[in-house]
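Chain IDs A, B and C follow the sequence of writing; residue 1 opens each chain.
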């Protein structure tokens, strides 16, 4: 049993930009000598989050519309008034979806469905450089 | 330290069908030789998800009503228009709740509360056969 | 590779009380001999949950307002009618946010962002004593 750490570096557009991380997670898995275990994908930061979805343009726009409906950018947030950041909605969206996702793999392959991708959503209100951490544990 | 994989096979009714997985996860844990560690429960697919709840009929109906309120089945989703699947709402609900849940166990017992069960929610709009993966890691 | 279990004991005020667990998780990590791996933070119970956020008073009040908006305390829940608990909203909020959070650490340090804290939210409708489990796995 061992632990292996990798990173994904991204430039995002912000504003609920949705990025498919599956190819990079697969690449990192291939570089480890671990064939069986779990990978914890983790967002370092408090205005972006992770989940899985069928990554296709129509669901991308549905997802953006959903977050705008339940946590609108235009609403008043106390965070904005206090800090002048204008990204109160980004924080709430990120906390709701969560920063952490743990995915099993066996025989060197991620156990995802055919139409299931690992996605990163940058909820911040401006373009960002992001670093996502991958912690592989297994044998 | 070792890794052990098990599967749960389910037939669900779809339409936010809520299934208590706790007995099957306990059974699988008893079959491993691991007594202390974590189990990652993972949904293979993009229209179902996992969480914990007090599994009783009143909360089951409250949960269904909640998802129908925030992501209504009857709304228009771009995914439906493009793919003719009519399950755009299923995808959004599943991504929001998430496909992955990691639960600790010690001395061969899951560390759940008395009124806390591991639940699987099938958000798809039709009955489905499902395969849920359990990745045990520990000693 | 090894597994190490620790607990955090809390007294909360309930009613979406938000508690920063980061100092206690750091303390527990320092007491292990594990320097590299993951910690699964787990809520034992079905009316509280975990996520990360920038822990500051304005976002605290934004978060409380958000949960009151999407799952109002004053609404009618079948759970309340059946069990006389009046905490149906607490259950729904907790299931939505989720009981489990897995955080990587390396060289004895949690891999969190500067403005990212591990937070516990007690959604119950009364003060509670809580026990949160930390399962460290690593080397």
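The rule is simple: contacts are C-beta pairs under 8 Å (C-beta built on N, C-alpha and C of every residue); 3 or more make two chains touch, one makes a residue touch a chain.
Only a predicted model underlies this, so the values are computations on that prediction, with no experimental measurement involved.
Fitting chain A to chain B on CA positions gives a rotation angle of 120°, reported to the nearest 5.
Counting every residue number used by either copy at the chain B-chain C contact, under half are found in both chains. Put simply, the C-alpha centre of chain B and that of chain C have 20 angstrom between them. The residues of chain B that reach two or more other chains are 1, 70, 96, 98, 102, 137, listed in rising order.
By the touch criterion stated above, chain B contacts chain C in their complex at residues 1, 36-38, 51-54, 56-59, 61-63, 66, 70, 96-98, 101-104, 106, 111-113, 115-116, 119, 137-139. Partner chain A is touched in their complex by these residues of chain B: 1-3, 5, 40, 42, 44-46, 70-71, 77-79, 81-83, 88, 91-92, 94-96, 98-100, 102, 133, 135, 137.
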